[in-house]
Each structure stands twice: as C-alpha cells, then as structure tokens.
C-alpha cells in the first residue's frame, strides 16, 4: 500500500490572467485518504479541477497509476479511474434524481450492476429514494449535495475526489457521509478530500496538505497538522 | 359544418407540419441554447437536396428522403465544427449573431446557385385527393403527416430514453459537470447540432414537395418553428407538438372565421395570450429559488 | 428573557409543491433584536420558509406578518423595502460585475433618486452617488474583500462569493436579516470571525433569523432555536433545551453530535 | 480620455457634410444614422437589461406611421357610424407624437416583460411586431395598408420669428439625424450610469438577487422599455419624413435583424457599440455594392459579420477595450470563466 | 462614350426571381440596340443595381444611379412599394423613370410627372376584362388575392367593374406574400356559393393555390390576373391541377403571331432561348425588354441624353412593344401628370398541359 497512485509535480494553473496554483506537488498513496485544507481562495478547488482536467495546467506534471494525465480532458481522466465530486453540487437541474445518478455511471456498462449501485445509494441516502423522480434543481441544498455525492460514487472510481462534501448537510448526514468516505477508503478506494470542516477531515485522514495562496505550505499526518499551532489558529478556530 | 370539418382536417395536417418544423429546433434552441437562425436555411437545404436528387438526378422519391436527412446531418456537423466550436463559451447573443451571419450568407448562396425561381419536386402520390364525405386531403400530405409522426417519436425516444439523449441534456445543463461524468462534450455538441439540422432538412425534404422550393422558403418556416418551440416550452418535444397544433388551429380558424388578412395575427395573438398566462410556455419546467 | 416586541409572526403557514408538502402548519415568532435559528434536516423546509417570508413563494395557507404588515401578496422587492432582507443558500452574486459594483447594486435602496434628476445629473443625484461609493468601500472592508474589489464577482472562490452575498444583504440596509447557511464553506476560524460579525449586526438593532447546519455556531449565537422536520415544527426553545431534546437528536443532530 | 474620444468623434461626424458632397453617400449616412438610433434604443434593452427584443422594429414602425399619419391626416370610420377625421398637422408635432405613442406601446410591452423573460420575451416581441405589421397591412382605411402612405412631408422646424425651416436638403437632414442621435446617446448614457442603470444590470445578471435587495423589476424593465421604444419611435419618425413613403414593409423582420447586428457586433452593453457596429454594417453594403455581384454582397456581409465575432467575440467595442486595458496594466481584466450555477439559465 | 440607362431592380431578397428576369429582358434589348449601332451614334450602357427587394434600398439605389452614375433615365423598380420609394428621388433630381411592372394605381395618380408606366394598373386590366366578362357568364365571384397593393388593388378595381356588370361579389380573401399554406382560405371559398374565383398573386403562390385547391376538391373556375403567371412554370409545377385555369395576361409568347409586333416577339423569344433562359420567364422578362426599348426610343427622340429632354420626349414616342403600342397618356392631377400606356390584355386557358388562347 505504499505505492503513489497520484503524483503531482510543480503544477501551475489559473484562470485567464490569474494564477491560482503556483507550483503544487503532492502525492497520494494507494488506499489512503488524503485531506487538502486551506482558506477561502487558497486554490483547493482549483487543484481538484486541474487533476480532473477541467482547468488545464500551465506547467507541471500529473501521473495517475504511473500514466501521465497532464492536460488530459475530463472524460479521459474519469476513464482512467478518477472521479470528481465538484464544489457547489452541480447537479443537472432539469433531470430527475435517478437520471442524475445514471449520469454518474455514464461510462459504465452493465445495467444490472449499475442498478445495484443505485439502490445502495438510495439505502445510504433514503431521502434521495423518496425523491427519485423529482427534478434535481428543485431539491433542497442538502438533498442536492447528497445527490452529488451519490452520483460521484456511481462511477466506481479507484480515486475519488470530494470538494467540500459536507457543505450544507445536516449534522447527522455529515456523520453518515464521513462514514461512507471512510468506508470506501477501507474498501480500497483512494480518496482526496477537500474540507472546510478541517477538524473532522484531519481527524480521519491518513495524510494532509495545507494550501495557502496557491502553494502547499505544510504537509503531514492529519494528527500532526491538528497539533500545529498555525493550523489551530487559522483553520480550527482554536 | 362541412366547412368546419374541412378546417379541422386542415388543422391536423398543418399542425403535423408545424410540429415537424419545431422538433429540430427544440434540440438546438431548446436544449443546446443556440438561437439557431440557420434552421430555416437547413430546411431550405433539405428541400433543394430533394430537388437535386429527384428532379436532376432522377432518383426515387423515397430514396431521396434519407439522402436529404444525411446531407442535413453533414451540413449541420460542418456548421457546428467551423462556426460554433471556436466560440464555445461565448455569450448566447454572440452565437446567435454568427448564426445570423451564416443564415444571410447561406441563403444568398442558395440564390446564387439556383436562382430565385421556384422549383418543385414530382412525387409518386396520386394527384386526386382522398375524399371522405365533405372533406378531402391530399395523399402526399397524409404521407408527410405519418413521416412527421415517426420522426417526432424517434426524436422523443432519443432524447428521453437513450443514454445519448441523457448525455445531451446533461451537457447543455452543465457542460463541465457533464464532462466530469465522462461525457465527450465536443462530440455531444456536434452531434446535437447535426441531429437538429438533419431534422430541419427532413422537414424541408418532406414539405418542399408539398409546397414549392425557393431560397427564402425557410424564413417563414423558421419563424413558425421558433414560435412553436417557445410555446411548447424550451426543449420539450411533447410541448412542441402540442404547440404546433395550437398554432395551426389558431391560424386555420382565424383565416376561416375571422379574416384571412389576420390569419397569422391569430397565431401570434395566441402566443402572446399563452405567455401572459403561462410566462414560460405551456409546459414550464419546475424552478426554485434559494 | 425580557419581553420584547415581536418583529415577525409566522402564522400557520403551509407550502405544497404539487403533491409534496414542504411546510405544514408552521407558526412561530421572532422578537425585535433577537437572533433566532431555524434548523432541521435537509429538506425540512427551511429555505422554503425563507422563500415565503421574502415573497418568492406564495404559501398555500397561512401568512407572515412583519412589523405589523401582512406580507401576503407583496412582491419580493416590496418586502425588501420593508427592510426584510435575505441571503441565499447557493452562492448568489452579480457575476460579471466587480465586487465593488456588486455592492453598489446592493445599495439600491439607499441610492434612489428621481429618474429625471439622475438623467440630468442634478447635484442631489451626484451627492447621493458619493455617499454610495463611501458606503460600498466600508462594506468591502467589513467582509475583508478589499483585495478583490476590482475582480469580477463570478471569478471569486466559492467561499469568497458567499461573503459577497452577505455583504450584499447588509448593503440593502436590513431591519431584519434572514441568513441561509451563511458559514457553509467557511472553516472554523472564519466561522468564529463571522459569529462576531453577526453579534455586531444584532447590536445595531437588526433582528436575525438564521438557518445553519453548523451546530457549534448555532448553539453559541442563538437566543432561541426552532426545529423543523418534514415541514413541521418539532421543537422550540433555548440552545440548551434543543441540544438535549431527544426528538431533535434523533431526527437531526445524530448521536455523534453531542460534541457540538 | 473617453470624453476626448467622444468629442472628437462628434466633431468628425459633424464635419462630414462639409467635405462629403456625394449625395448618395450622404443619403447612406442619413439612413444609417436613423438605424443607428434604432440600434441604440435596442441596446438599452438588450445590452443593459438583457432582454432581446426581436420585434424592435415595431416601435420604429409605429413611430413612422404615427408621424406620417399626423402630418398627412386621415378620415376613418369607427364603430357606430362615427367618423374620426384628422386634418394634417405639422410634421414636428408628428415627431413628438411618434415618441409619445411609441413610448406608450413600449409601456405595454414592458408590462409584459415583467412576466416573460429570455426566449419568451423574444417571441412576445416578435409576435407583437407581427401583429402590428398585420394591422398596418389590413387596416386599409387608416394606413392605406399595402398601398402605402405617400407624399409624407419633410420635417419643418419652427423658428420663432422667422417662420419655418423645412428640412429638404441632404445636409439639413443629416444634421437633424445627428442631433437626434446625440440626444439619444446622452440620454442613454446618463440613464445607464445612474443608479437606475445599476438596477438594470443587476436584474440582467441575477434577477433573484436583484429583487432581494429591493430592485423593482416591473418598474425598471418598464422604464427601460418605454425609453427604448420612445427613441425607436423618434428614429421611425425621422425615417418616414426622410424617405417620404411608408408601407407595412417597414416592419420587416430583416430590419430588426439589422439593428441586432449593429448592436451585437459593435458590442451590446457598451454605449459606443451600436454606433460603431451601426456605421460598419450601415455602410458595408455601400462599400460592397460596386465590387461584387448582388448575391456575393450578401455572402460577404454575412462573412464579415462572422469574422468580426470570431476575432472580437464580445463585440468590437468591449473586446477592444478589454485588450487595451490589458495592455496598459499588463494584467488581464478578469472575465469570470463561466461556471454555471445549478439553476440553468434560459437563453436570452 | 456611352449613354447610360439606370436599372433599379430586385436581384436579391423576396423578388429576386422576377427582378432577374426583368434584367435579363433588359439586357436583350440593350444588346439588340447596340448591335444595330446604338442610339445617337453611341452605345447604350445599362447600369444595373440591386434594390434588395427593400424600399429604403430602392431609394438609395435611385440616388446612386442618378448622382454617381449620372444616368439621365431609369427603369424600375418592379414592386409598387419599391417604385413608390423611388418616386421622391425622381422629383428631387428631376429624372424620369420608366416603370415596367408595378401595378399600384397610386404610382400614376399622386402627381409625379417623372413616372412613365408601361405595365397596366389593375384598373386598366379590369377595364380590358370588361369585354370578356359577358362571354364567361359570371354570376358570383370570390377573390383570393395577395395582401399587397397589387392584390388589394385588383380586388377593388375588378369588384367595381363587375358590380357594374351585375355580378355578385362574394368573399374577398387575402394571403400574405410568402405564405405557403392557403388551405384555410380555399376551404372557405370551397363552401361559398360562387362559381368563379379570381386569383391575383405571383406565380409561386399560384402554383401552390392550384395544388391545394385540387387537394381540397375545389371545383370552381379559377381566373388569374396580373400577367405575371408564367403559365409554363405553372404547368410544369402544378401539373394536372392547372388544367382548366384561365389567366389574364399581357403578353403571348406562345403565339408570337398573335402579338401586336410578331417580328419583335420572335426576335425576343429566340434570343431568350439562345441565352439559355427558361421559356417560362418570358412573361416577366418582356417587361424589361419593352422598358429599355421605351427609354432608348425616348433618348433617340430627344436627341440628347439629358433628363429633361428625355422626359419631354417620352410623351411623344410611339413604339410597338411586345404587348401593344407604347404611347403615354396623361394620368393624375393636372399639371403634374404621369404617363401611362395601355397595353393589350389577353385571356388564355390551360388545357391538358397546354396554353390555349381564348378568343374574345
């Protein structure tokens, strides 16, 4: 389990004239849960977008399972085994809950297995089962978030990236979501997690990176970061 | 009474025509969000393909139809690749204007190549109409009605029941996220536009022989198509069909019982009235705030 | 608790979407100058309640009264004119304008001058412009986004956009503020700072109704909490009462949330 | 800086008749100018409230008919054997009435626009224009229908103490159009830079949010529609008195399309956009006429349109302004990379 | 050194087909004249401009032809609204124009002394039709006309004439120019109790009407007016549906010998075919041919290529056009009369896909 599945070297990227990431290097080992924390605007989401190919990197290199994915478009990144649950839910508003879930399995074949996965998600989030025919755009914020998480799980990735999955979820659902994330990690899926709920994220992760102003300024085991004075002050409210 | 029956039959035939005009546009305008001013040109294009294949090459009418559809598909794909793809992500008004430019240029090109004189296409259908009591209807138009119904059904199934259709809808609701789901959005853009275009060409190929074929024939068709698509709610195929029949009914009864000068006015008044009471078309999508 | 006058009354409000009951028979009040939190599971109807209070939705039954005015039939902007201002759960900014211009638009209520004055550029209109710019700068500083003043609001990160949303609500000069999950997307330290901001707002006499899933924050800041589940009020009381209410723990807090 | 450019532009435009003696080119400039006024009014709606009026020619045409009928007089039967007879009035009154009545029509369309947005507004405006066209075509007693209103008098300016000045020459008409255009430009500029203009922008970008901070949609959109329609009506009146014949063809869809081309190619939402776009697409046909076959002229016209948007996708003025600021400050002015919200927007 | 004649025609837009026909006819006339040595020792040169089927453009084109190209006389502008838009320019620059197609009565009645029209306004056509009416034993007629000056004018003038003859007028239905589906109007006419329908519109809509009337089982006598019908195109496109229809026309290319000027007709038709144009276009293009010959005759008579002289000379010409003698008579308010010539009008019938002349 010591193999690096995801290796990122000196990645720089941005939007138009803005540079959002100023040279990021990070490694994610197989089967680990890696957390990425940082303040608003630090570049966490951009990092995930760069990995999944939504924002093309300007320089640097990315490898997944030894294969170069630098500059690959999202479908290829997904096909190579990386799923991305984006920030801000991003459900397809005029499609039903069920169709949204099916979109998550777009690249998969075999309707039987897909249906089984869908049912598993309905068991995890019974609320979604109640609303399976409702247009996703009319769901409440938290319901949409559950849907976004479920949809990302539908692709059965080997590496899954969550961008603030707890956003807008009720405490009991946050608990369940974190349990799910731990569960898939335990089942062998690698996880890259961006969370504002830094305490919870650091507590459950195997390794963590702290991002500030588009640079990685700190990394280590989750518990190490929790102990860190700067992290406590700036991110844990202590 | 017999006049009324005849009007009703006309309405059915015309409504089918309108629905056919609407579905191609529902894809491109309703789902893809491109204000597609080339819809009318593609309609004209389909009709001219029929003219070339049937009248100039002397091939079979029924063989010409799929040729026209295919040609529409190709032209649509070409338009998307050359004109729309470079402007992906631009404002909807920018792409609209590019489509206006393409419309003007292509229509004039048609005029240049074929001249302004109207053409017509011979069909294998008998000239004598089908007479049922007090009403008569031409065989050709019955065929068009049947073909329209089939195309509408196929389109409906494609959009609502296939994974390609689902990917199309997803792409135009949020194309970044769709690509995260593994959708090849470039392919979807091109194929949606191409399918919509082939439907426009199909409408032209079917209706060209019913009417006559000339360079500006698509303009009126396009205006009606826009009205129908919006009346039925953007992207809603069932809505477009019902919208088509409502428009046909309004025009038919408007011309029959109000005044033929106000025939088209009736259609537009209905549109205004419907939108006053249902501001997002007959079949609005559910929306929420907050 | 001292007897205070009532700012808002929600009276037997119900909302249905087709067959779906989002809120049923909801009644509670918010006192003048109070901070009340409205909490509950996802889909309980909290945002829907906000939509009713601010006129974006017409309730299927019941009505809302704000400072003696029944809000039924009022349009959202008329309700905003009464000083009842909300924020949105989703990020909501004017994406193509700079952050600074966003705030100027948000200051609409304070910047009204007669159309003719504005067109003719009369001194009154110009003085008003100056005041607005002054105020926009203050607000910018207040949310700590000075650095981003001239960036398009749509290009900010998620969390930054949420801050703009709150600043916009404040720009509209509320007498009562409805905040829909204001700290979602903020970390613990940022939340901390935000709690101070909210207290500051309340101290200026602005009533606050808060929807939030961040329990530590809700528990520290609220005077009173109302709990919704499936569109019904299942509990109401001080943070201490709510924290230990078994029904609330079961439906919402979850058993691990004791730490909150 | 901007003021200097504006003043220079005005001086240049004002000097044109002094050195340009070719009546054909002056004629082209005058008709272009009239359409530019129409385009500016369309820009007020499209560029500043985001509502695309594809029936904008209706207001222009209404202005033209009102002005023509006021100055020609009419005699029509009303229900119940009443006749409404109107004796000819001076064209200048027609001009004022054109503005008022077009504005009134704008009011009604504005009320509608409070309910319908985006594509739905587009189709309502198209429908409105078509209905108006059909009324003009079929109410033969009033409008002479397709037989056209002919012999419309030229505008005469009352000069107190000196009687009247009838504007017959090209030069006089040129200055008339220029002055009206300037007034319209200033009016729109003041409007969009006021707090009212900000309200319009707010509505355009995020209506829900705008409403929640107290912006009145109905009022804002109605005022914008009224002013826009009134300006278009003024342009229509100028058209009627300059061309001196008017028939229902004036409502042709292609005329609206021409204005839309002028606005978007020049840059919607920028004040100078419709002027620049208008001059280009008003004069392009004049430039193309001698060099190629008629059909080819249209193809070239469409081609130029597409080419401009490929190079300057946001329209000439905004795209160039963006490049200039980028060069000057060395950094990019930020355009937010489109990240759609969960609620899909309807097309405009 | 040439003598210029301005041609202001729709070559693009809705009327492109007709405008192009007219221009092609005009070219034949110019080539013929030049082949014979031109006029006044100079060749004539046609300055052809496209008015884009748009009145504003038509006026601009007139301005260009007169001021930039300095043509002393124009021909144009096909449609009535196009011609009407040009007329103020003629006054402004005092330049005459030969109107070859437009039919609106207004053109010659509003007092524009620079207008010389060789096509018949509907009143003239109605008057010519008067003699035929009795032979057809009409009792009650419906109208289906294009909703423009031409259609409306025809309905009005023919109704007036027929009422005087004791014929009852039934429905007057209109259709928009460009409309493709006339079933509603035809259904209404089908259920009326008239036996004849007078139809006025351009050839494309005529084709559609015949087809749609056949599809609806409408079995009434159809008579078309206006002379723009291109019967050959109708026969080709409407097929059997055209059988039995009658057409009022001003030119008889099928029977050159029966035309007022057989020699010219034959020359024109031969030339037309030689240039590879469709025969069907003759019924429109002859107007351009006659128009240019009229203008040329006036220049010759004037002895110089100057507007005022040409205008004066137009009053004095007398040439044999393809559809009759072109001689201008005064029309309109006194002192500023326009010129109007009286072309011949014929009735033809389509039978078994062939054009037959009805002797009147």
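To keep things simple, chains are lettered A, B, C, D and E as they appear, and every chain counts its residues starting from 1.
The rule we apply is simple: a contact is a pair of C-beta atoms (placed from the backbone, for glycine too) under 8 Å apart; a residue touches a chain by one contact, two chains touch by 3 or more.
Chain-to-protein mapping (UniProt): A = Amino acid/amide ABC transporter ATP-binding protein 2 (HAAT family); B = Amino acid/amide ABC transporter membrane protein 1 (HAAT family); C = Amino acid/amide ABC transporter ATP-binding protein 1 (HAAT family); D = Amino acid/amide ABC transporter membrane protein 2 (HAAT family).
Since the structure is predicted, the reported quantities are computational estimates derived from the model, not experimental observations.
Trainee: Give me the fewest steps it takes to get from subunit C to subunit E if each step has to go to a chain it touches.
Mentor: Between subunit C and subunit E, the shortest chain-hopping route counts 2.
Trainee: Any chance you could check whether C-D or A-B wins on number of contacting C-beta pairs?
Mentor: Contact tally favours C-D.
Trainee: Please work out the Cα centroid separation of subunit A and subunit B, and write it as a whole number of Å.
Mentor: A distance of 42 Å separates the two centres.
Trainee: Suppose each chain is reduced to the average of its Cα coordinates; what separation in Å results between subunit B and subunit E?
Mentor: It comes to 36 Å between the two C-alpha centres.
Trainee: What whole-Å value do you get for the distance between subunit B and subunit C if each is reduced to the mean of its CA atoms?
Mentor: Roughly 46 Å, centre to centre.
Trainee: With chain centres defined as C-alpha means, what is the inter-centre distance between subunit A and subunit C in Å?
Mentor: 29
Trainee: Could you list which residues of subunit A touch at least two other chains?
Mentor: In subunit A, 15-16, 18, 88, 90-91, 93-94, 137-138 touch at least two other chains.
Trainee: Got the subunit C residues that touch at least 2 other chains?
Mentor: In subunit C, the residues touching two or more other chains are 17, 47-48, 56, 86, 88-91, 155.
Trainee: Note the residues in subunit B that touch 2 or more other chains, in rising order.
Mentor: Touching at least two other chains: 108, 111, 173-174, 176, 219, 261, 264, 286-290.
Trainee: Going by the contact rule at the top, pick out the subunit C residues touching subunit B in the complex.
Mentor: The touching residues are 17, 47-48, 50-51, 56-57, 86, 88-90, 180.
Trainee: Would you mind writing out the residues of subunit B in touch with subunit D in their complex?
Mentor: 29, 33, 35, 83, 86-87, 89-94, 96-98, 100-109, 111-112, 172-176, 219, 223, 226-227, 230-231, 234, 259, 261-262, 264-265, 268-269, 271-272, 275-276, 279-281, 287-290
Trainee: Please output the residues of subunit B touching subunit E within their complex, sorted ascending.
Mentor: 2-3, 6-7, 10, 13-14, 17, 108, 111, 115-120, 122, 127-129, 131, 136-138, 141, 211-212, 214-217, 219-220, 251-252, 254-256, 260-261, 263-264
Trainee: Provide the residue numbers of subunit A that touch subunit C in the complex, in ascending order.
Mentor: 15-16, 18, 37, 39-42, 45, 87-88, 127, 134, 138-143, 145-146, 164, 167-176, 196-199, 233-238
Trainee: With touch defined as at the start, can you tell me which subunit D residues reach subunit C in the complex?
Mentor: Within the complex, subunit D contacts subunit C at residues 187, 190-191, 194-196, 198-199, 201-202, 205-206, 208-217, 223, 334-337, 339, 341-343.
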